Structures are given as structure tokens and as C-alpha cells.
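Pasting a structure here, questions to come.
Order of writing sets the labels: A, B, C, D and E. Residues in every chain begin at 1.
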Amino acid sequence: MTDIRITVAGLRKDFNRRPVFSDISFDLSGGRTLAISGRNGSGKSTLLKIIASLLSPSAGAVSLTIDGVEIHRRWTFRHVGMVAPYLHLYEEFTALENLTLIDRIRGSNHTASEYEEMLAMVSLERRRHDVVRTFSSGMKQRLKYALAWMDRPGLLLLDEPRTNLDPEGITTMKTLFKEQRGNGIVIVATNEEDDAVMCDERISLSGVPPPGAPGTGRKGGR
Amino acid sequence: MTDIRITVAGLRKDFNRRPVFSDISFDLSGGRTLAISGRNGSGKSTLLKIIASLLSPSAGAVSLTIDGVEIHRRWTFRHVGMVAPYLHLYEEFTALENLTLIDRIRGSNHTASEYEEMLAMVSLERRRHDVVRTFSSGMKQRLKYALAWMDRPGLLLLDEPRTNLDPEGITTMKTLFKEQRGNGIVIVATNEEDDAVMCDERISLSGVPPPGAPGTGRKGGR
Amino acid sequence: MKAFQAILGVWLSAVIFCALMFPIVGEITRWYEFPVIPGLEQKARILFFHVPLAWTSVVGFVVSVFYAIRYLRSKQIDDDIKSSSAAGLGLLFCALTTLTGSIWAKFSWGSFWNWDPRETSIFVLLLIYGAYFALRSAVQEDDKKATLAAVYAIIAGVTMPFLMFVMPRIIESLHPDPIINTRGKVSMNSTMLVVFFSSLAGFTALYFWIYSLKLRVARLEFKRSSAGE
Amino acid sequence: MIMKSDGFIRITAAVFRKDTSSELRTRYALNALFLFTLTTLSIILFSFQSATVPVQVHAGLLWVLIFFAAMSGLSRTFITEEDRGTILLLKLSTISTPVFYGKLLFNVLLLLALTAILTILYSLVLPGFAVMSMTSFCISLFLGTVGLASASTIIGALIAKANARGTLYPVLSFPIVLPLLLTVIRATTIAMEDPAWDAAMDEYRVLVSYIVAINAASYLVFEYIWKD
Amino acid sequence: MIMKSDGFIRITAAVFRKDTSSELRTRYALNALFLFTLTTLSIILFSFQSATVPVQVHAGLLWVLIFFAAMSGLSRTFITEEDRGTILLLKLSTISTPVFYGKLLFNVLLLLALTAILTILYSLVLPGFAVMSMTSFCISLFLGTVGLASASTIIGALIAKANARGTLYPVLSFPIVLPLLLTVIRATTIAMEDPAWDAAMDEYRVLVSYIVAINAASYLVFEYIWKD
């Protein structure tokens, strides 16, 4: 298991001068799992995006170190697998094409059998040749899991992990969660208590009610 | 409470000659609520779309009668309120604009105060002037509820009602659900047992595993 | 069916024989002679093939539009199969018209292509067929494909007449007026007319025969692909 | 129950209003149109410098520009709705007809504005460009634009459903609008040569009947594109 | 860790491949591509049937067509990614550079193909169209196409961001493309008039330096567009 560690220090994010959260700090190492909870609009997804360095913070820093070497923001994506509602697939491609094309773009070439395996894991193998446009919401969500998991990322970010999933899908998700524990970090942003309790640690971003209002983050208890 | 009644008889839907479900029949009158359950890809959303006459069935018929008069497919929408993951808002408009513009297009003019009320119900009033693009997933979902509920539709269709919602949002959803019971029908398509149990009746579409496979519907117990 | 094929076969070979063999002479003395058409002479013979082809390609379009309308009403995929097959054949005949026409033009007007009104209309018909199939190939789902194609065919069907009507008054024509109008410049004697119209009839019959075959093939293919699902 | 006509008009207006304000927000079509017009105009200006071209070439060019502009601008009204899945929201809010006419209105006005600007710029920039009968010139432009917009609207609806973009649009449109283009070019040419306002009466007739025909057809057909 | 150059090339190729197959699926089905050029051409043909036009007008028209082709297709490569939110998937899969070059490559090749078909057909159907120096004609076409593709790639990236904020970026892009087009038109005209292959040497120089400049600029700018 690679020795991965992520350190977040005094993170703040404003959207056009309106603070969403501020002074978020935590520190996770391989095998630990963190739940980010908080009401709608409190900044969970924003925080995840910053961690994945899809967004840059207004203040503070995220540092990801692997085997002691610090990874530059630019390269974070290589160690991140993400599943989120605002992440969209290529609807004109089939499930299999989505896997292969993205895999190539990532620069890592898996074998055909590995793709099959991935699809089987989320039980989409029988639909591998159908274009994603015709998929049901849950099937799309499943495919996202396949994509996120394919490279066994050191850092797995799950935003509202159980959206659209049926019980069977949720079991798959949980097994993934457990496996990931074995080789890295999981950060889950969720509204559901059931997801939050799975994790070792927890941060709650308490946006001031109503959720509409700009949330001001507070570091939650360990 | 208007005397509304919906009758579904021998409904079948194929996509590209591949059956999703077949021979679905049920019959609901005002005050009754129905849960449609089933694994991912079993056809829940498809069924809802057909009921809302957004899709036409391959066989069978849906008939909606209000105070004894049958409503033509073409006009169903007037009595339908819908919340669903595949229903999207106008992201370039603010929450308020979405309400007003759609309301005008519906031909019913509510007063400014009524709009406020709606936004307050889903506690977005403080964000009414922000464009939806900047909303969080949950805030979008809340706005969809406001839109669906604005005209107090006789037939409320909820696809995965609790997606993206925080506990507070779910309570709002549930109160809506109860209110609607008072003046019409609710049909809920869901993967979550908690939602299903709220309803009086239940249909389970058992797509053959894996979910990918074409689902063949079966009439659920009354 | 067999009888029909036999008759059609005989009929067409007779037409072709006459079209190619009957001598073209200065003044008619015998029933099997054609009159000289100034500017055409021997080339006139292609008229017996070129014009019927042009005619059938138009027929194909009309049939296709007809079934397109039928489809929108009935939503029976079979109507779509009929519509698209008709269009497919129409495309073929349209191409042949252009070909024969161009050859003809080469020899009587000196160039394969000059934007003559009728050439132009046939060219636009080609474009429409092309667009029709481009649209079809862009859609996967059967019923969607059928609907959109039907809609396009209808819209095109509505605007096509305008073209036929507008074109001649816009572009000065090298083209003779069709024999259809009696005041036509091209003067045919009765024999020529008989052969001409039998050829017209023959080609039309040929069209519908091929059409029926094509239909059967298309239906079988459709069945197989549904079974293959 | 049937929609009352005044209600129908109100709703059409509402759809129109939605599209307009959306366009003003995103400036999508406007940008495309503006960029395209400016560039092509300056190219033409540049490549025509001295060369004196016959009148009907001017007329032709003007309409080529308008056609291309329409192609690069108007297709989006339906496509965006389809792309972003907001079309469902519309379907849950009203029937096909007002949506179609709302968007038609939007396209017509957009293209009219564009034509106006384009023509003015064109006439300012190109010396060889002179009009004999302003009345018939304007009539021709107006009729031509309306016809073009009508055709583009229904084709746009088709394209949107086909989830096909870009190139397919002109491919489908051209054969449809060709008769219109030829006629209107003829009419414009006449307007540039003949001082009598009604010299191109026949062309007007053709144009008007074309507009009527295509809109009637669209009206009947759009219903089928709309549902599922 | 830094990406090894061969890896970089492989990834650029992967991005290119993704776009190509996507286009083939949704837009540029090759028949559409062909029909497209046919269509645009016949518009020109009709707009002045018999009228004989001076050489540089031919050059100008040819480039108007090419520019239109670029407009209706290329600028979308980024917009669609942005519209459909698939851009996040890309950002989670690789860095900015290969994405940019992948799309640039795609646009260049696509436009080259288009230009080729367009020019061949154009010269076939338009009698007045004759070239003195084939070499310099091809050079001009090539340089012009590459330049135009590069410009529309970065402009596309800008628009994609712009329409999220409703600004008028594309209009800014007008001054970017214009000099290119004017230069290349001059080059083409020369190629049609002067048999010497190097008659338009100055224009080539301008074009080449334009291409270099715009790509250098794009490379720097894109980095910023890319991260948030």
C-alpha cells in the first residue's frame, strides 16, 4: 500500500467575494476515511473540487504527498478518482468506449479483460455496447464508479455516493469503499447519515441557515 | 379536492424493439399514493415519463380523468408536477426568473408574493437573485420542487425524490407529499425503501439482473 | 408475380429494341420510322431512357413522401420501411438520370454540366435525397429516425414544387419543353410517342417491381436485426 | 379543454421572452452572427476592392451572407434546449404550438435585425451597390428573411432531435430554402435595376406563398417532432 | 513527476481520437461533410450563375466558404465539453497541454480535409477558376487553413468560457482572424495570377509567423482558461 497523505490547512473559498467556508484544516493518511457533511449549499462539493484541484482555493493550501514526495497541484488528478453528480460522461459513446477513451487519455492502458472486469463490477457488462445517452440515471452513476476505480487511485472522492443507486449498487459502492480503505484515502461528501457513519473522521460544514445563504465553514470535531 | 383519477392499462414500452416493461396496470384516485420500485434500469423513470405523457407507450394506455372528464394526452401536462434528475433548469437564469418565466409559459400568472412564498418553502429566498448555474446540487433540486408545486398539480410525479437533499430538504419534501395527498395523486419512483413505505400502493418493476438487461415489468400487488 | 415479371421482361426488351433499332429518317414512309428531331438526330434515342428515368426518380420521391405522411399518422415502422426504400430507389434513378442526362448534354450541348433548369432541379433532388439519408444515418433509435426522416421528407415535398415552378423562369433553358405539353418544340410522330410512352410505362413498372423486391429485403433485414437484439 | 387564442398569444410571447432574455444573457447567437458578418463583409470588401461586379452578383452575395449567417446563428434555439435537457421543462409547461411560434418569432426578429445591419453595412462599404426602388428592395429583404427564418426554425427543430450538429444543418436546409433564395435574389436584383416598386410582383407572390406553405407544413409536422 | 514526451504524444493522440470518434458519431459523418461542401458551393454557384467574376473575388469567396466551415464546426469542440460538463472528466484525466494540442490537431486535420474537398469541387464547377502556380496555391491553402484552425481553436476555448459569463470574447476574436484571412486571400490571388511559386513569399512569411505567434499565445493563454 502506497504511503499517501493529504494535508489541508486553513482552506477558504469565496465565490465572487462571498465566503462559502473558511479555515478548513485536516490531515489524512492512507487507510483513513473522512466524511464531509453539511446542509445543501454549505460547500461540500466545493471542498471536494478544491481537494481534487479542480478549483483553486481563495486561501490556504492542500498538499498531497506520496511516499514522502509532494505532488504538484497540476498532477493531483493522477491520484484522484472522483464520483460526483456534476461529473458527466460522454453520452454519445457506449459504456465501453467511455472506459477505453478516458483510460487512453489518462495515459494508462488496461487490457480489454480489465475493462470487462470493471463493467462487470458495476454489472453493466450486458450493456457495454449501448450509448450512455440511453442509460438510466443509476446506470450512469455506476459507470462513473467504474471510471473512478479503474486506476485504483490513492485518493477516492465520493460526492453523494449513493445518488441514483439501487440497493445492489449501494452494496457495490460499500465494497469499493472498504477496498479503497486498504490502499488509500476516501473522502465522502454526503447528506446521508448512513454514509457519514462509515467514515473514521468527520467534518461538518455548517452553512448558516437557510442553505441558500453563503455558508461559513467551521472545522468539525475529529 | 378535485376528483382526479388515473388509470393505466396493459402498458408496455420497448426501446429499439427491446422491451423495458410490459403489461403494467393500475388505477389511482385522488388521495392515493403509489410507489414504483425496482432496480436501476428497470424502467421506473420511463414509466413516469409515459404517465406524464412525455413519452408514448409501445402498447397500452394511460387515461387521466378529472371530475369525470377525460384529459387528452396533449393537455396532461397541465395537471402534472414533476421532479426528476433528468429534468433540468435554465442555468443562465436566476431562481426567481426560472419561476416567473416558466409560470408565464404555463399561462398561469402568480403574484410576486406567491413566488416569494414558493422560494421560501424550499428556503431559497435569500438566493432568489443568483443564477442557477452557481447553485449546489441540492439547491437545484429544491428549486425543482418549487416549480413542480407552484400550480398545485393534481398529479405529482417524484423521481428519486430525495436526491441531493439534506435532512431539512427531505422534511420539506415529505410535507409536500402529505399536502399533495390532500388534493391529488402522488407517484414516486424510487430506490429507497424509506420513500416507498410512505405510499399506499406499490408496483415493483423487476428488471432481470443485471440492471443493464432489459427490464420486464410485472404488476405489483395492491 | 411470375407472369408480371415475364410480361415486364418482354415489354421492356421490345421497347429497348424499338428505341435502338427503329431508323430515324427524313420523312416517314413506314410505320416503324422515327422523324428527325433537329439538333438531336440519332441522339434522340436516349430520350427513351433518359426521360423515363427522370420521371421515375420523381415518382420515387412522391411515393416516399406519401408513406412518410402515412408513417406520421400510423407510427407503423413498416410505413417507414416503405418510405425509406422508395427514397433509396429514387436516389438510384436520380443518379442515373443525371448520368444519362449529362452524357446527352455532352453530345448536344457540348459540356457535361451546364446549369440548365431541369438539370438543376434534378441536382437539388439529389441533394434532398442525400440530406435525407445523412439525417437517417445521424439517428440511432428506430422510431426517432423514422419520425425525423418522415418530417424532412414532407418539408422537402412541400418546397420541391416551388423549385420546379421557379427554376425555369430564373434560369434561361437550353432544355426542350417536355413532350407532355402538346405545344412542345420537340415533334414526335405517333410511333415515337407510342414507344416513348411504353418506355415510360415500362420503366415505371420496373421501378415498382424493384421496389417490391427492395421492400421484402428491407423487411427481412428489419426482422433479423430485431431478432439479433 | 382548448387553449383560448388570447392565452395562446400570451404563451407564445412568454416563450419568445424567455428565449430573448436567455440570448441576452449568453449572447450566443449574437456573438456568432456578429463575428461572422463582420469577417465575411470585410473579406468581400477586401477582395472586391477595384473590381466592379454585376448587380445580380451583389444581390447574390448579400443573400449568401444572410443565408450563412442564419445557418451559424439560428440553429441554436432548439439545440440548446435539447442539449441541456430543459426541453422536458417546456414539455411539462405547454403544448407544441406556442413553443414553435415563440421560437419562430425569435428567429425572425433576430434575422431581420441581422439583415438590416448587414445590408446597411454592405451598401455603405461597397460602392457598386445601388438600389433603384427602395420599397421593393425592402419588401424583398423582408419576405426573404421571414422565409429563411421559417425554414431554419423547423430544420433547427429536426437537427436538435437528431442530436446532430454543425454541418448537417446547412445540408438539410439548403435544398429546402433554395427556391426561396433564387426567387429573392431575383427580386432583389430587380429592385436594384427597376425603379417601379411592383416590378417584382411575381416574385413577391412566390415568396409569400412559400412562406405560407412552409409555415403550414411546419405547423402540422412540428407536433410529431415535439412528442417524444 | 514530469510527463515523458512520448507519453505526452500518446495522450495528445488519445484526445484527438476521442474527438474524432465523437464527431464521426454526432456531426461530421463523412457524407455530411461532403454534402456540406457541395451545398455551400452550389449556393455560390446559384448566386451568380453566368456572371464572370474577377480572380480575387474567387479567392475571397473560397475563403468565405472555408471560414464558414470553420465557424460552423470547429469552435464547438470546447463548447460542447463545457456545455455538457464533460470538461471535468478531462480535467480529472490529464493536463491542459495534450488536451489543447489534441483538439488543435483535430481542428487542423478536419479543416484541411474540408478545404481540400471544397477547393477541388470549387475548381471543378466554377469555370472562371484557374490557378497559375499550383505549388504556391497549395502552400497558401495549407498555411491559411492551419492558421484559421489554430485561431478558431483558441477562440473556441474562449467562447466556451465566455458564454458562461455572457461577455463578448468572440467579438474580440474578430481582429484575430481578419489579418490572417486578408493575407491568405492575397496569397491565393497571387497564386492564381502569377506562375512563379515564390511570388507570394512575403505572404507566406506573414502566415507562418502568424501561425507561430497564435499558437505560442494560445499555449500560454489556455493554461489559464483550463484551471477553473
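To be clear about the criterion, a residue touches a chain if its C-beta (ideal position, glycine included) is under 8 Å from a C-beta of that chain, and two chains touch if they have at least 3 such contacts.
What you are looking at is a predicted structure, and each value in this text was computed from that prediction instead of being measured.
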| item | value |
| --- | --- |
| Shortest path length from chain B to chain D (each step joins two touching chains) | 1 |
| Remotest chain, chain B as reference, centres from CA atoms | C |
| Between B-C and C-E, the pair with more C-beta contacts | C-E |
| Maximum centroid distance from chain A, chain identifier (CA atoms) | C |
| Superposition rotation for chain D onto chain E, Cα-based, multiple of 5° | 175 |
| Chain centre separation (chain A, chain D; CA means) in Å | 46 |
| Whole-Å separation of chain centres (CA-atom averages), chain D against chain E | 26 |
| Centre distance in Å when chain C and chain D are each reduced to the mean of their C-alpha atoms | 33 |
| Computed distance of Cα centres, chain E from chain B, in Å | 46 |
| Touching two or more other chains - residue numbers and ranges from chain E | 26, 29, 32, 35, 39, 42, 46, 84, 166 |
| Residues of chain C whose C-beta touches two or more other chains | 127, 130-131, 134, 138, 140-141 |
| Multi-chain contact sites of chain B, meaning residues that touch two or more partners | 15, 86, 92 |
| Residues of chain C that touch chain B when the two form their complex | 140-142, 226, 229 |
| Residues on chain B engaged by chain A in the complex (per definition of touch) | 15, 38-41, 45, 85-86, 123-127, 134-139, 141-142, 160, 163-169, 191, 209-213 |
| In the complex, chain B residues that touch chain D | 52-56, 73-75, 77, 80, 82, 84, 86-93, 97, 101-102, 104-107, 147 |
| Residue numbers on chain E that touch chain A, as the complex places them | 1, 3, 7, 10-11, 14-15, 17-18, 21-22, 25-26, 84-86, 88-95, 98, 227-228 |
| Residue numbers on chain D that touch chain C, as the complex places them | 151, 154-155, 158, 161-164, 168, 171-172, 174-180, 182-183, 186, 202, 206, 209-210, 213-214, 216-218, 221, 224-225, 228 |
